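What follows is a set of structures for review.
Presented sequentially are two complexes of chain A, the first with chain B as partner and the second with chain C.
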Partner chain A sequence: MNMFLHELKAYRKSTLLWTLSLAILIILFLSIFPVFSQNAEEMKKLLEGYPEGIRKALGISIDSFTTLLGFYPFVFGYILLCGAIQAMHLGTSLIAKEMKGTAEFLLVKPVTRHQVITAKLLAALVSIIITNIVYLLVSSLMATFISTETLTINTFLLVSLTLFYLQLIFLALGMLFSVVIPKIKSILSVTLGTVFGFFIINLLDSSVGEKSIRYLSPFEYFDITYISKNASYEIPYVILSLAVILVAMGTSYFVFAKKDIGA
Partner chain B sequence: MSIIELNGLTKYYGKARGIEDVSFSVEEGEIFGFIGPNGAGKSTTIRTLLSLIYPTSGSAKIFGKDAFQYAPEIKKEIGYVPSEVFYYDNMKVNDLLKYSASFYKKDCSRRIKELAGLLDLDLHKKIDDLSFGNRKKVGIVQGLLHNPKLIILDEPTGGLDPLMQQKFFELLEEEKKKGVTILYSSHVLGEVQRLCDRVAIIKEGKIISLEKISTLRENSYKKFKLETHTRVDLGIFTMDGVSNLEAKEKEISFLFKGNINLMMKKVAEINLLNIWIEEPSLEEIFMHYYEKGE
Partner chain C sequence: MNIFIREMKDNRKSLILWSIGVLFMVMGGMAKYEAYANTGQSINDIIQQMPEGIRSILGFGTFDLTQAIGFYVMLSLYLMIMASIHAALIGAHIISKEEQDKTAEFLFVKPISRYRIITLKLLAALTNIIIFNLVTLFSSIFMVGYYSNGNQFIGDILYVMIGMFLLQIIYLLIGTGIAAISKNPKRAAALATGILLVTFILSMMIDINNKLQSIKFLTPFKYFEGKNLIFGDGFEPFYLILSFMIIAIFGTGTYVFYRKRDLNV
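This part shows the complex of A and B:
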């Protein structure tokens, strides 16, 4: 318990910062929506001028773009990107920080390595959950406020909740990287490299429309356009996400318990 | 009872040697010196004891229990002072020490104040703002605050000024009086000479000698220094037991181990101006060990 509280306290600032940033970002994004909805016809014409590839990469579908649920995926992609960075950074620093000298503090205390990693993981989870609760509140309020027709809040929440799932995946990946990569010099560059890498695969794939590489990037496990149209998740990808999370976290626990903590 | 028992402890980092076949035991209530040059394997041995790293082969027991299987339980009674102190940034000394104390189910606040007072450590400063020596003090307080039965010190005096070192040694001697066992790793021989009861010397990953400080010094070696009227042929001193033979102008010095009478007869043949026969410092003895590479 003491470790959990200590870690939580250590995350206080970053949690606050990320939560605020995401909230402000979505308020700004959604506040441009009225411009689109009020000039629906002109907008459609303008968008038709874009090549289809680019439209797909940006998550724009012409028919629904002027409704809130059609517009939301377009901006939500960037929220996901930010959320992924937050989660991956948490996950990577979880253990990498421990390898860099503070290990001699925690790991010589009367605790098991599993207890150490669990306390840290729980604190990171709480940090992410706080971010998500605030994000859900702020974004649904904002959405209800600006939506021109009655908003199907369920669908809106289904889409928004993918932020949480994606963050879990990146948290787990971050943990995995931090135990598998021998010496991480900069947590930030590993984080940004991975997240942007996956994000670019996602952009490419959406414009190419190749099914098989969809498995490669966690960003594509939740097809937001699909979810907002059908108001449901694609089950195979839900299972895939769960599998990625469990395998990555399981491996991290296993490797960390056996690892030599170097001087 | 042996507090620490190492048996054939071996650690390879891939193919690189860490330590090879390290065996020794530390008895209850003694201060045990662990000494060797940088990179000899002192820290590797200590980190293995603390199960920060796992051995390739061999076993380690602390308080009679397997050091890896029972690590969390054993660590309740171990205090460790690392050679380099990093610690969480952005924390006040007091907060860090309280956090450290929260791992042990006892009230340590009095002991923290006591130790901080003794070492002249300001509890209200941020760790970031501390000098190297003051960070070291945080490490020492942190290692001792729960009154452990075994204290493991990895080159603890680096960064401490002589006055502080003095206080620190007194602190350790006090702990010893309470029956605490101490494993003291260092490459500074004077410290070990002053504090320790027994000493293990490690070189290139292997223990090359394990002796009582007293035997090491008193019984085995004498340091000779002769001043002569005329230059003397060094050849007469080439005999078993003589080492570190040096001569400059009319001065000859060497270490001698063996029958002192034989040596005295040889010395008697020389026309002396002056003679010193002294206990060598550990430093000189160890240089001897290192060079010979036994």
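This part shows the complex of A and C:
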């Protein structure tokens, strides 16, 4: 319990900062929407005159573009990117920060390593959950406030919740990295490198259009356009995400329990 | 000189990784171009007629996307973001790491002045960002050359890369400056990336909302945009002067504050 509280305290400031930034970001983004819905109708007419290929290249599904749910995926991508950075940074620092000199203090205490990692993990989870609750509240309030027609709040929540799932994946990945890489010099570079790496794969994929690439980047496990259209997740990818999370966390527990930690 | 070599070695791995990253970015980005090139002129019409807000949120400008170089300009925004992240991180890290890794007491008892140490570190960081820039330059020339049918493009790419280099220096020195000033060395890299993200989001807001044009000077990402460099007015003197001022301020700031810094050992 002490460890849990200590970790929570350690992450208090960064959780607050991230939560605030995500909330402000989504408010700013959604406040653009009215300009959009004004132009949307004329835009719709404009696009209909063009062949299918172009519409695909632009990544716009015309029918949904005029509604808030059609607009949301465009801005949500940036939220996902920020959220992934937060989660991965949190996950990586859980273990890696102790290696900078506090490991010998922590690990001689009469607690097992499993207890240590569990307490840390729980604290990180709480931090992410807080961020998500605030984000969900702010974004859905803003969305209902701004939407021109009645908003299907269920679908909106389904889309917004992918932030939480993606964060879980990156939290697990970060933890895995921090126990597997022998010595992490800079937590931030590892984090940014991985997150942007996956983000670029994601960009690449939309150009190659190869289906198999989709498995490579967590950013693509949740196809937001698909979710907002069908109001449901794609089951194979849900299973895949779960598998990634479980395997990464399981391996971290296993490796950390036996890891040779030079203090 | 030893310090310089030591720093180069220290950053070798990350430099290689970043170079591979930017290489993929250029290759992947230009591969996307094919999809646009095939749609012919009509994609330009459609983009011309889009309302400003929609255009910028999709990342388009008013330039010709069916030309390889026009498409490259769109891509250059992402290259610049990558380059500035790299520069800011390396700047913050190269200064703050001695305290963070507890090597300060080893380094600073050596018979060299702090000025010298900073100078050598800055030189090493500069070499790193130059290499990054060159990798981007050559991969761009190769990829754009592959897709453009004998049109002139090398001069344009050089222009964009000079702009990117200035941006790199700005963010490098913002990184070192923050690392020299901030009391807590651990916070330096996070602060530098924070500033970077804020300026980036600001530049996006300016794109989306035209009324914000007047605060363009607040974000370096607006100083040297690919579309202005190639299709617009080129380098504007105002922004050049402004960048040199930022560079001078953060550069001297790094020296002045680090010279008197109370090192955490």
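Just so we're on the same page, the second predicted complex is superposed on the first by the 241 of 263 C-alpha atoms of A that agree within 3 Å, B and C clash if a C-alpha of one lies under 4 Å from a C-alpha of the other, contacts with A are read in each partner's own complex, and residues count from 1 in each chain.
Keep in mind that, in the parts below, a contact is a pair of C-beta atoms (placed from the backbone, for glycine too) under 8 Å apart; a residue touches a chain by one contact, two chains touch by 3 or more.
What you see is a predicted model, and the numbers here were worked out from it, not measured in a lab.
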{"item": "Partner chain in contact with A:V108 - chain B first, chain C second, else both or neither", "value": "first"}
{"item": "Which superposed partner A:V126 touches (first chain B, second chain C, both, neither)", "value": "neither"}
{"item": "First (chain B), second (chain C), both or neither touched by A:G193", "value": "second"}
{"item": "Touching partner for A:L25 - first (chain B), second (chain C), both, neither", "value": "second"}
{"item": "Partner chain(s) touched by A:A10 [first = chain B, second = chain C, both, neither]", "value": "first"}
{"item": "Which superposed partner A:I146 touches (first chain B, second chain C, both, neither)", "value": "neither"}
{"item": "Superposition-derived comparison: chain B or chain C, residues of chain A touched", "value": "C"}
{"item": "Partner chain in contact with A:A231 - chain B first, chain C second, else both or neither", "value": "neither"}
{"item": "Residues of chain A that lie at the interface with chain B and also at the interface with chain C", "value": "100-101"}
{"item": "Complex contacts: residues of chain A adjacent to chain C", "value": "25, 28, 32, 35-36, 39, 42-43, 46-47, 50-51, 53-54, 57-59, 74-75, 82, 100-101, 185-186, 188-189, 192-193, 196-197, 200, 203-204, 206-208"}
{"item": "Chain B residues within the chain A interface of the complex", "value": "13, 43, 47, 50-54, 71-76, 78, 80, 82, 84, 86-88, 99-100, 102-104, 142"}
{"item": "Contact footprint of chain A on chain C as seen in their complex", "value": "14, 17-18, 21, 24-25, 28-29, 31-32, 35-36, 38-39, 42-43, 46, 49-51, 53-54, 57-58, 82, 85, 89, 93, 97, 100-102, 189-190, 193, 197, 201, 205, 208-209"}
{"item": "Chain A residues within the chain B interface of the complex", "value": "2, 6, 10, 100-105, 107-112, 115, 258, 260-263"}
